[in-house]
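Okay, so chain A shows up in both of these, paired with chain B first and chain C after.
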Partner chain A sequence: MVRFDPRTKLLVLVLINVVIFASPDIRTEWLCMGMVAVLLLVMGCLRQLWYGLLIYAVLMAVFYLCTLADNFFTAFVSMTIICIRKIMPTVFFASGLMATTKVGDLVSAMQKLHIPKVIVIPFTVTLRFFPTAKEEFAAIRDAARLRGLRFSMERTLVPMMLRCANIAEELSAASVTRGIESIGKRTSMRELKFGLPDAVMAAVFLALGIFAVMGGVPLLYG
Partner chain B sequence: MKTDKRKLRAKDLITTGIFTLLFFVVVTIFAMLFTTIPLLMPFISCADAIVGGVIFLYLATKVRKFGAITIMSGLIGLVMCLAGHFWPCIIFGTVFGLLADFLCSQGGYKKFSWNTAGYAAMILGLALDGYSPMLFFEDAFRRSRLDMGMSAEIIDKLIAAIHGPLIVVAFAGAVICSIIGALIGRVLLKKHFEKAGIL
Partner chain C sequence: MVKIENVTFNYGETSEQCLRGISLRIKKGECVLLCGESGCGKTSVTRLVNGLIPHFYEGEFSGEVVVAGRDVSVTTPDALAGIVGSVFQNPRSQFFSLDTTGEIAFGLENLGLPSAYIRKRVRETAVALGIERLLGRDIFALSGGEKQLVAIASAYALAPKIFVFDEPSSNLDWDAVVELAGIMLRLKQEGRTLIVAEHRLYWLSGLIDRVVCMESGQIKHEWPADEFLTMPESERRGLGLRVLNPGELYPTASIVDPGGFRSEASAAVSGFFHPEMVIANQDVLHHEAVIPGSNALRVDAKPQEQAAPYLKVAGLSAQYGRRNHVLHDISFEVSPGEAVAILGGNGAGKTTMARTLCGLHSKSSGEISLYGINLPAKARAGPFYLVMQESGYQLFTDSVENELLLSKNRRSRPANEKVEDILESLSLTDFRERHPMSLSGGQKQRTAIGTAMAHNAQILIFDEPTSGLDYRNMQRVVAVIERLRAEGKTIFIITHDYELLLAACTRALILEDGNVKSDFPVTCENVNKVREVFS
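What follows is the complex of A and B.
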């Protein structure tokens, strides 16, 4: 299991986006997915790896089924699938990123990049809060079911917001206790250093990015 | 040192981050739903506006300092960009976020009329994210949608419609829906949050 610097991971995240944005055909996207899969394997995120590959395989299967028939319904479904397919590599990598990066490391990395606190804190919170938000939503849904209440916007949104307000209070208290407001330079237990794995990973994905922009797989195989 | 009450403290930044995420989830759900029906695409912001009103009003009245709204709008733009939308959305998000923040500050972040104006500004920023590819970057938009599998006629129809009166309708709709959303937000806030003692 190789450990990468969070800054490299952020760079790769941006590069994956560039690749998907610039990719002229689906084979380049497959190449990207494949490389992200290898990366996740190297980082040791096996669970995210299997989940992601499974979802992607199902997506591809349904997509090809849709191309067989040609009616309104299949067009509908295939368009939704294409939307999901386009964000899959990013989400795939992000799941691996979030699983391997400790919040503290991410904050340290961003501070080393001299990003102001005003951006670092909300951004980190938004990322870290995503899984928590999913859990809260599941809890609210279960509670509503327990009372036999039917689904409604108000009944979902308001409890979510109340829970979020609470969590915001608790999280702020915890963070302030850990010195998030101190002016001095932030120290961390783990040294963030660039190593050989970072250089390799950055170079590989940079190459992929340039490859995609220049024309991707069609360049080689037409 | 910490007596400057207008400075954004860690608590405010964390609250901003959490509620920005909520808003972003709302936006994404409607975006994914509406993109499947091409005709509804210009009206994504309208749906966002109605549902997101609570979230926006809550953040404005809870933090009450300059910068929170700007960060919210800018962050949404940033995350949208990272997730694959057009890159100008960061710029629009920050600029319209600043405008929204300014408008809200005119009412001390408590007066409903100014907060609604700010909300409308932010929603307009989001709406612009959706339309600007079609307005200014026609070719890239055409290519990306063709790649997505949309038929050429629908794309042409969309672009033609956007250049015509539809865009005025869409923008007007966004503003109207943001007012509706703010009103709904105020009702919800009064009904639930004041009772719970959070506001």
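What follows is the complex of A and C.
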């Protein structure tokens, strides 16, 4: 298991996006997925690695099946899959990033990158909110099932928004009493330092990024 | 240490005054209990001390608050962060990090302390509070009690001279409260000043030096601890306070004769099915059971025997995933009008049992039957209803009245007169037009109970119905439960509230590691058995 600096991880996240949107070629995408998979393995995120590859494999399989029959429905499914596939490498890596990065470290890393606080704090609160939103959603779904109500946007989202607004307020109050608004420079428990693994990872993905911008895998075939 | 001088505050221009001319002085090392009914302003006083009023909650503020020599109105909350540590009521909404270590470090990081010092301080904190076992854990996987300990640790890490607690025990079980009391005693012995706003009193008796009782935004009484602790229970009750010496309580729930409900309850149950199914007396029949709001569902109806038990749970097992077996072979029978307390520690299977009974979780084996009719999970949502701890989740519409009328389809919509009756019996008539989210916790809970009544639920399961409720609201819950029982409903209550248990329950079912450990009536003779569970 290798630990990377959160800043390097953020850089890689950006580079993965560059790769995916610079190169329309599917083989470049595969290459990128493969490299992210190796990276997750190195970071020790086996669970995220397993689920990510599984979902990707299923998507590819359905996509392939859709090419066998050519009608309106399969065209629609293929389009949807392409959209999901495009964000898969990013989500894949982001899941590993969240699993290996403490929120406090991420805040400090972003601050060291001179990203203003008005962006950093909402960003981290959003990340913090995913598990909460998941819990809230499950509770509301249970409540609807108890009353035999079917899922509806209005009935699910309205209580959820109200609940989340409530939690967000309590959460903000709690963080204020713990000095989130402090004007001075924030530090972090783990010292942020670039090391050799960071340099290697950054170089590899930078190379991949440049490769993708220049044309990706088709380049190799002339 | 703390000086509050003639403070008046209200949250917005429209809302009424929430603090009216409060003056209070607290010495260094003192432990002060703020008590009083819900809405009396005790939480607002804690917010004066940690600076959330007037910096976070803005409103009309007058008066003076001085904490450790600093005027709070001109000191920013982050400057107060190292002086006043705050612990809040809801452990779910006071964490910023996803892991415990990061959470304890969070305040230190905000104040910009060096990394090496932060690591050392996190370690020291865990050792001082005896919670090393909680370091490096996923916060979402902790129990409520463990979360509260982490919340204290993250405040403690900043070495504040003053700790402010806002109803810290309301979401905790008995064991966790005992541990909380132990840690607070340690804080006090270290010479820190403690300010605690609370309803539940019993766990604080060895801790407090002074008691301040509030009423509608004013300080009504002030006693030294010994005077408060020795006054008769009835006097404290008159002030809306919860019990101080649980050992002096005895069971008071009325005993309802189940026999009287046999036919009535049977008729009510049959309301969920085609009548002939319940009356059917021959072979196993297949009938369509009509469950309010969902598609018709096929139910195996067995011939009903003469004295078929009302609710029978036989050999019930349940699990999560393939390996995590939570309930093992649970069996019991319940009559109409009974109120059964489901007790047991963390992970004993209480929640899983409740969820399985209501059909939210499917059983892996066993039978759950009403009057001899075996009910599959889908058929149980309807006759079974769960009143959740946060009943706000259960309300979906824009007014209390519509909430009661909301149903799966037109056929199961309750009659208007029935809705009237329910509103009346739950004292909700005045709030019929109000949006459910604008109600207080107790009112939301009663609305949720009302929806169950409107749809003829026969078995109501309450999950911690009195967490964070004062004496008067607890009494209200007890009264509603008594009324439901008198109508022949069966009640299950998952609770850590000993006072509620004795006031409302007729029977106790104790779970341990997913098995029924014991099952006995709550009577004066058995009161020691109940006490054992809570010690």
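Keep this in mind: the second predicted complex is superposed on the first by the 221 of 222 C-alpha atoms of A that agree within 3 Å, B and C clash if a C-alpha of one lies under 4 Å from a C-alpha of the other, contacts with A are read in each partner's own complex, and residues count from 1 in each chain.
Keep in mind that, in the parts below, a residue touches a chain if its C-beta (ideal position, glycine included) is under 8 Å from a C-beta of that chain, and two chains touch if they have at least 3 such contacts.
Being a predicted model, the structure only gives us computed values, none of them experimental.
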### Message
Let me test your reading of the model: by the given contact rule, A:Leu149 touches which partner, first (chain B), second (chain C), both or neither?
### Response
second
### Message
Which partner chains sit in contact with A:Ile180 here, chain B, chain C, both or neither? Use first/second/both/neither.
### Response
both
### Message
According to the stated criteria, A:Pro122 is in contact with first (chain B), second (chain C), both, or neither; which is it?
### Response
first
### Message
Let me test your reading of the model: by the given contact rule, A:Phe194 touches which partner, first (chain B), second (chain C), both or neither?
### Response
neither
### Task
Using the touch definition from the top, say if A:Gly104 reaches chain B (first), chain C (second), both or neither.
second
### Message
By the touch definition at the top of the document, which applies to A:Tyr64: first (chain B), second (chain C), both, or neither?
### Response
neither
### Query
What is the contact status of A:Trp50 with respect to chain B (first) and chain C (second): first, second, both, or neither?
neither
### Query
Touching A:Ala139 in the superposition: chain B (first), chain C (second), both, neither?
second
### Task
Mind sorting out which residues of chain A both chain B and chain C touch, each in its own complex?
124-125, 158, 162, 167, 171-172, 175-176, 180-181
### Message
Under the definition above, what is the set of chain A residues touching chain C in their complex?
### Response
98, 102-105, 107-108, 124-125, 128, 131-132, 135-136, 139-140, 142-150, 155, 158-159, 162-163, 166-167, 170-191
### Task
Using the touch rule from the top, collect the residues of chain C that touch chain A in their complex.
50-52, 55-57, 76-78, 80-82, 84-86, 88, 90, 92-99, 101-102, 105-116, 118-119, 122, 140, 154-155, 158, 291-294, 355, 358-360, 381-382, 385-386, 388, 390, 392-396, 406-408, 437, 451, 455
### Residues of chain A that touch chain B when the two form their complex
13-14, 17, 20-21, 24-25, 75-76, 78-80, 82-84, 86-87, 90, 117-119, 121-126, 129-130, 133, 153-154, 157-158, 160-162, 164-165, 167-169, 171-172, 175-176, 180-181
### Message
Which residues of chain B touch chain A once you look at their complex with the stated criterion?
### Response
2, 8-11, 13-22, 24-25, 32, 35-37, 51, 54-55, 58, 62, 67, 71-72, 75, 78-79, 81-84, 147-150, 188, 192-193, 196, 198
